[in-house]
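Structure first, commentary second.
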Amino acid sequence: MIRVGILGASGFTGARLVYYLSRHPEAEIVFATSRQNKGKAISELYGNLRGLCDVKFIDPDDADTRSIDLLFTCAPDQTSMKVVPDYYENGISVIDLAGDYRMDTAESYEQWYGQPHTSPDYIKKAVFGLTELYREKIRKTKFVSNPGCYPTSVILGLAPLLKEGIIDCSSIHVNSVSGISGAGRDLKLFKLFYEADSNVMPYKFGRTHKHVGEIEQELSKIAGETCMVTFAPHVVPMKTGIVSTILVNMAKKVSREDIDNLYKNAYDNEFFVRYYPDKLPESKYVADTNFCDIGIYLVEEAEKVIVVSTICNLGKGASGQAVQNMNVMFGFDEKEGLL
Amino acid sequence: MIRVGILGASGFTGARLVYYLSRHPEAEIVFATSRQNKGKAISELYGNLRGLCDVKFIDPDDADTRSIDLLFTCAPDQTSMKVVPDYYENGISVIDLAGDYRMDTAESYEQWYGQPHTSPDYIKKAVFGLTELYREKIRKTKFVSNPGCYPTSVILGLAPLLKEGIIDCSSIHVNSVSGISGAGRDLKLFKLFYEADSNVMPYKFGRTHKHVGEIEQELSKIAGETCMVTFAPHVVPMKTGIVSTILVNMAKKVSREDIDNLYKNAYDNEFFVRYYPDKLPESKYVADTNFCDIGIYLVEEAEKVIVVSTICNLGKGASGQAVQNMNVMFGFDEKEGLL
Amino acid sequence: MIRVGILGASGFTGARLVYYLSRHPEAEIVFATSRQNKGKAISELYGNLRGLCDVKFIDPDDADTRSIDLLFTCAPDQTSMKVVPDYYENGISVIDLAGDYRMDTAESYEQWYGQPHTSPDYIKKAVFGLTELYREKIRKTKFVSNPGCYPTSVILGLAPLLKEGIIDCSSIHVNSVSGISGAGRDLKLFKLFYEADSNVMPYKFGRTHKHVGEIEQELSKIAGETCMVTFAPHVVPMKTGIVSTILVNMAKKVSREDIDNLYKNAYDNEFFVRYYPDKLPESKYVADTNFCDIGIYLVEEAEKVIVVSTICNLGKGASGQAVQNMNVMFGFDEKEGLL
Amino acid sequence: MIRVGILGASGFTGARLVYYLSRHPEAEIVFATSRQNKGKAISELYGNLRGLCDVKFIDPDDADTRSIDLLFTCAPDQTSMKVVPDYYENGISVIDLAGDYRMDTAESYEQWYGQPHTSPDYIKKAVFGLTELYREKIRKTKFVSNPGCYPTSVILGLAPLLKEGIIDCSSIHVNSVSGISGAGRDLKLFKLFYEADSNVMPYKFGRTHKHVGEIEQELSKIAGETCMVTFAPHVVPMKTGIVSTILVNMAKKVSREDIDNLYKNAYDNEFFVRYYPDKLPESKYVADTNFCDIGIYLVEEAEKVIVVSTICNLGKGASGQAVQNMNVMFGFDEKEGLL
């Protein structure tokens, strides 16, 4: 049984994390912080947790930071970079769900997040927590930077093609739709049911979206060359779920059979990635789960491939993958708490 | 062509009103106020109005209050009671969409709204704007207090029964569902798509809901005796729409045929009230319209009647009825702007 | 490990049952039948099950009816009454999710279902599977008739009041809303997204709904006197979920404190019933779970009580309660498979 | 006043057409056919029309085909090609909402629709009814083939760029989302609320979608060279609405200002096309209207342009544009019936 703390537990990713952990036989929540909701039980905010989890929010300043084996940080950007070093130096494992340690350098962080990084020395210590790609590194580290939701869908969707050098790395176009929880729980007009229902809204196209930096950085590492991405995300009327529909030009000709073999080899032993040789996946198949479902449409006449990759943004795109990483780090069954 | 001003035009009822008026051949919007959005075009907030209406919000303090023939007030409670008297005294017609002048006395206002009334002398000047019931009074007045949304659905649903003394006035139980726009556009957590989608939420049961006072007052007037109402409203995942399902005990035995005749007599000449002798109406039939659809389920073995009355809360429940009242007051075709 | 068969597994309740059982450590699905889908994997119909459950539908005629310890029947009405006796006589436990054995007599079955009962001798052998009320009987039986969804919400909601003789049994009015899965998966126009979205539809009011018979029968047993129910169910735009808002007249005066104590005593030891002393529950709290959440609004001035009882119609209202009953019958932890 | 007939009026486009025509001062519906629903009033299927339109469906065989000035055909594919010639030869104007006459040759029809064309001589007589592009031809013809929904969004979105030769015609990638009414009203499982809610479903990617032929044909005509399109359409949980997000490579460098001027010049005099220089449009702005809203995201670093074009699939994408075309053909105000 490990002892776990959660910083910033009152948002959507925090609540989902509490839900997974409440079902995990090897983890115990020691504290969950929320400055705004301190004193309240989490089930007051998320009624579904009533009877399942009686955690009360405490003020982050009141957290006994030495009492835990593992810290999850779900706080807003620019929080982790301030608090993580202290935990790290005290030998406490950290899984950071924010974006603070996702970029490889302080410069690229500043470029994409528009803020200077206040603990740049710790950037290199963090392992990028895309479990299926970096499992061995995750097993050995005490500090995981958990990937963003869009990046998770795109990286898992393209990795097998990139590794084989099959695609033109300058041609990657990602068209995504996301449920509205992807935009967080703070109060903004466009998130109202009245505004969001029966509506599709283009939302932060192109390089205005900080996930583009993360996507390009990680795809480039896998490809071994610079990847350029155009990005067109949209908010659709769903609570959760991401479908990334990714168009790429092929660098060499491949057949349907080649593609199928490539993805089967890549993912047949991965429980949480389901490859569809027969059809394209729908977002409801992965709703509220830690699965990533992938299907391929081959545009043979144009030598293009369209990859459809779908996840739950709060599951595999955030808290699910965080728990999966915890399971890897602590030697638990990778599915524990997630089914 | 009449000249119209709108106070508090940036909310849902204000925007719906602007939409109806933009299609009305006899009305011109001279000003629309919004302290928070002054300087913005209304189509910046409501993209559907782009190209249809180029009104820009002004600060209420900048409104030329003498330039208009008619003022609509869509501002929050306790605003109309402050500004209406001045318009009234200057001979300007007023249709108040807030609750300020709906209760018959300052005492009952204070009882239900929890605030003292600051212009009690004007309460008696206002005509309750349930068009089908008070058309002649509305035709002659310069001051209409527009009914609330739940009250409109309930009063139209029960009026024929009450007039005939058919029901036990102490037995009225109103179970309503409402789309979320009924709770307004200010930012609250429960209105987020994430919170409201796929959810039914009991919302302000019983005498905690100020509409109960309005309903009891108006039903009592029609019945000629004191009506008592239990009220169970719920928010359901729709943008707009109210369905009130009203149970009453019969004071005397009536047949299906009696009921049908009663409602047909009451409403066959009313364009905006559609009685269903054959089935129960659904809320989508009246979505975004000024119709009130009514159907009856007769529980003969228990000597009870269930009335189903459905409206669009922003249409017949607010801005639609307001325009209908404007049409009556100024002698226009009652349907003008509303189809 | 028990061996389980499912008749009629391709509908919503069948699929939910397969989902729960796939997570149950003590149950193994030996066969799942679907005449229409035989040969298909269940995950072809319900993509969420891919990788979790590889059951293939077989034709019911090909089921090895002697190979199992327990049969679940999810087939349409009038199927169980034909097949259950044979299983029963061969010592196989049965949990019937259809309505065939819910009414206490062949006469009342025929009255409410409009068909003669073809195995009336077996009616008395079935235990009504409302777990919290009849746990001891369920523990000892081999034949459970699983309650309907609306009845489950209403019976759990009213049982504490009925047992104490607090309410007027002739005054029970049930106003319910339900997600659309309650109407089943067969293709009908009103179930289309286009027809059901943004709509509230009154659906089978009063004694046209066969659940009324089940509700009255069971409430009467608990009360020890004849209960009469008026019923006003509506379909709302949700996939799952029931909220029953129940108005009753009090037969004697009770305080808020009395009510709270009554429900706490009744349900504090029941994991799957959560009583809310502080507010009224919302349907999202119980979505996809086996919980029943109950809250009370006391209308003191009118000596009435409004009970709000919410369940997931596919969870506690069907397959969840079926698995709960299986757990009781076979001595497993009652929560197994359900969290 | 012109006399109008509608073939196949019981589907979504038929009902929307009836709605628009019921508000049109210059058109009278003489007959509306539906084999399946003959004898029923259209308001029995579409309750919103109650009191607005009392048309009763007749059997198509009973239609007095000589009594009308204009025929709209909303029947399934392969119907118009059989019935239109007779109307045409009798001097009756025709607006065909099906796909039968959209392809320029019988060969391309057969290629995309998989059926031989039975009246190939009439193909050349039809004018493609994209009003903004072919208004003068439409004014002079008696036979309009109304464009498909996706094609309308794509053609209006790209026309200004294509005319100027700014884009690489082999690089066009269309990623679309559509509300579910785009798939019609016939009963299929994926259209159920239970299946479609909270879900995004890739639907008929690439050349499996017959609209691709129409899009490529029409874009090529405008560009004066062969256009190749990759197509990735998805169904999202909305009743209506299409957002096409179109990626193209630039053939020459253009600035933001160039783009804005291009689109303003193209559409500033077009009431039903609204160009957004300031932001990207959302589908709710055009819901249930005849507008097409267009915005541009310029990916300067990659020399690409992303065009976002949104319409209501039943409005500008079908029945709205059909009425707009009727208005042009008969010399009515182009907005009549559509606001």
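Note that the chains are named A, B, C and D in the order they appear, and that numbering of residues resets to 1 at the start of each chain.
The rule we apply is simple: a residue touches a chain if its C-beta (ideal position, glycine included) is under 8 Å from a C-beta of that chain, and two chains touch if they have at least 3 such contacts.
Being a predicted model, the structure only gives us computed values, none of them experimental.
Looking at subunit A and subunit B, the chains in contact with each of them are C, D.
Chain centres were defined as the mean of their Cα atoms; on that basis the chain farthest from subunit B turns out to be A. In terms of C-beta pairs in contact, the better-connected of the chain pairs A-D and C-D is A-D. Between the Cα centres of subunit B and subunit D there is a gap of 37 Å. Subunit A and subunit D have centres, each the mean of its CA atoms, that are 39 Å apart.
A straight line joining the Cα centres of subunit C and subunit D is 46 Å long. Residue positions of subunit A with contacts to 2 or more other chains are 195, 197-198, 237-239, 281-282, 284, 287.
Partner subunit A is touched in their complex by these residues of subunit C: 23, 47-48, 50-52, 197-198, 271, 274, 281-282, 284-287, 289, 291, 293, 339. Put simply, subunit D touches subunit C in their complex at residues 12, 180-181, 185, 187-189, 191-198, 237-239.
By the touch rule above, subunit C contacts subunit B in their complex via residues 170, 173, 175, 177, 179, 195, 198-202, 205-207, 228, 230, 232, 234, 236-239, 241, 243, 245, 247, 280-284, 287, 295, 297, 299, 301-302, 304, 306, 308, 310.
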